[in-house]
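First chain written, first letter: the chains are A, B and C, and each begins at residue 1.
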Amino acid sequence: MALRKDAWLWVLGILAFAGILVAGYLALIYAPPAEGFVGQAEPAQRIFYFHVPAAWTGFLAFFVTFVASIAYLWKGGRKWDILAACSAEIGLVFTTMVVVTGPIWAKPTWGVWWTWSDPKLVTAAILWLIYFGYIMLRRMVEDDARRARFSAVLGIIGFVDVPIVFGAARWWGQSVAHPIVVSGGGFDVAPKMLTALMFSLAVFTVMYVVILTLRVRAERLADEVDALKERE
Amino acid sequence: MIQVRGLTKAFGPKKVLRGIDLDVAPGEFLTLVGPNGAGKTTFLRILATLSRATGGDALIGGVSVAEHPAQVRRNIGLVSHRTLLYDDLTAVENLQFYGRMYDVPHLDARIEEVLRQVDLYFRRHDPVRTYSRGMQQRLSIARAILHDPPVMLMDEPYTGLDVQATAMLRTVLQSLAASGRTVVMTTHDLELGLDVADRVAILSGGKIGFRAAARDISIHEFRRVYAEQTAG
Amino acid sequence: MGFLRKVAAVAWKDLRAEWRTREVFSAMFVFALLIIIIFNFALELRAENARVLVPGILWVAFTFSGMLGLNRSFIQEKDRGSLEGLLLCPVDRSAIYLGKMLANSALMALVAVFILPVSFVLFNLSFGALPMIVVVTALGTVGFAGVGTLFSAMAVNTRAREVMLPLLLFPVAVPLIIAAVKLTAGIMDGVPGAELARWWQLLVGFDAIFFTLSFMTFDYVIEE
């Protein structure tokens, strides 16, 4: 990365790195313990400050994939395909974080690793499967143009499905008799906690942008290498 | 009837067609020869609108293949080395299906006509599965001329045929040539190729390396030039 | 209308070809039957819990066997090269989509026509609920075939094509399956219509949205 040209990227990168440290402090120390959480549940609850931003960033990433997919089908151009694919990859990573941190939080808090009554958790799991399918699809198609088209169609259909899955999961969760009623937070969010959460959110978003930029560049370089190889 | 200008096709970084310029006059029978992998099938598929060129264009009957493929489709009939037939259906059922898809008027009469032309009328109610390879090829031709296209594209039609079937195909090709249709045929059999053609051309290394009127060149000369062209 | 005639031609061709051998239909039917039987043992079904579990089992049977049929739709065409024959025709690609989707739905529906009475008998359920369940099955089948036809056109062009279709289709079809199972269970239990309204909405909404999306994007998937 050339220093002057990419000044903005360097700045963001350093901010993100510093931000992670600060966010860690805010989440673990600065934020007061949530009311009603005792024993093990108390520190476990703090995963909330990473769980929620990860979910948000994953969703943002898939939204970017959605828009890039439409752009690709509408206008064409490898750059949209690269953007869609890279964003989906990153989105999958963040969604993995969501699905992993969910149980870590849930177990000490509600005594169960997983609950199908929580529409957010269920949606995250389905989301993970949809975009895992997206990545697999890309791996299994040889032709470049075809791969791009297929991914774009899946990128659109997958994203449109997300709110429908959420709605269905919510109705389903309400209809099933379940001892544990789970809601998103389940506790009052004090102002300090809000600060920690918002900060974490900002840091995650910046991280997403930085990683996405780097990933897209790597992909473009790979393209160039392939083109050079063919010339021989 | 057919004008090809600067047609290129690349599969990712791999260039298969590197700029084809070709003209085929109305009613002319052109044989295109070349070694395996030269791009003959790719070229024909682009003309048949089954594949999209990465550069350049072809006009068939004045209509651009790249811009108005749907219009072009009415004017062409393709015979591939795959039959494009439905094995479990009878000859009549196959032709009925294609006839409907091409909006062929007076379909039943037309079906009888083409079946008699390729001498398959007596087997018309048998499933295609029961046909010999030669018979399937003839039915394939019947399918291709069903909608009376002015242009016929034939991709290695002699593949897999025995002596008898080859002789029969030759007769059919000669009648096609006599019918005033424009025909482009690819083959790697030089003798058969030269036999029925008005003009011949050699496709090698993604470009047309040689073209001549069929009557101006003997088979020996043709073989020599072919060996030269494909040596490099 | 030329378009609808061609849709009918495609659907009719698929069904007629299938009728000659009935290979795929037999495989689908037997597979669905096997699923029901195996679930019976796997879940240790007894009279009491049968009614709770049957809706789910039915829909697992329908969707998994439906998968077989969807795969057939394009794999056969691709292997025999007849897909290109279709693409050569001067016909709107969406007509191909619609025709195949109708043929797929018909096959799935035919399997259901046999499986439903059989399972009602096997699990000693009352036949009063059958008509409405047929409606649910029809809607669910159409929705599944709607987006399934699109995905199978994609899957057939990938390296692991039998695996690709379930991988792509099931996550997306989750809302459909939820609605279908809820409705089947609700109807069997005699739940009042008002309570089931939201599931009907979900089912019909899913069908409409994904049919439209598939119809619009099929072009991009089927061309080379």
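Definition applied: a residue touches a chain if its C-beta (ideal position, glycine included) is under 8 Å from a C-beta of that chain, and two chains touch if they have at least 3 such contacts.
Remember, predicted model here, so these are calculated numbers, not experimental data.
Of all chains in the assembly, those touching chain A and also chain C are B. Relative to chain C, the chain whose mean Cα position lies farthest away is B.
Geometrically, the chain at the heart of the complex, using CA-atom means, is C. By number of C-beta pairs in contact, B-C leads when B-C and A-B are compared. We define each chain's centre as the mean of its Cα atoms; on that basis chain A and chain C are separated by 32 Å. Distance between chain centres (mean CA atoms), chain B to chain C: 39 Å.
Mean C-alpha position of chain A lies 51 Å from that of chain B. With touch defined as above, residues shared between interfaces to two or more other chains in chain C number as follows: 224. Here chain A touches chain C in the complex through residues 73, 126, 129-130, 132-133, 136-137, 140-142, 146, 149-150, 152-154, 156-158, 160-161, 164-165, 167-169, 171-172, 175, going by the rule given at the top. Residue ranges on chain C touching chain A, taken from their complex, read 147, 150, 154, 157-160, 164, 167-168, 170-172, 174-175, 178-179, 182, 198-199, 202, 205-206, 209-210, 213-214, 217, 220-221, 224.
If you check the complex, the residues on chain C that touch chain B are 2, 5-6, 9-10, 12-13, 16-17, 20-21, 80-82, 84-92, 223-224. Chain A contributes residues 143-144, 226-227, 229-230 to its touches with chain B in the complex. If you check the complex, the residues on chain B that touch chain A are 11-15.
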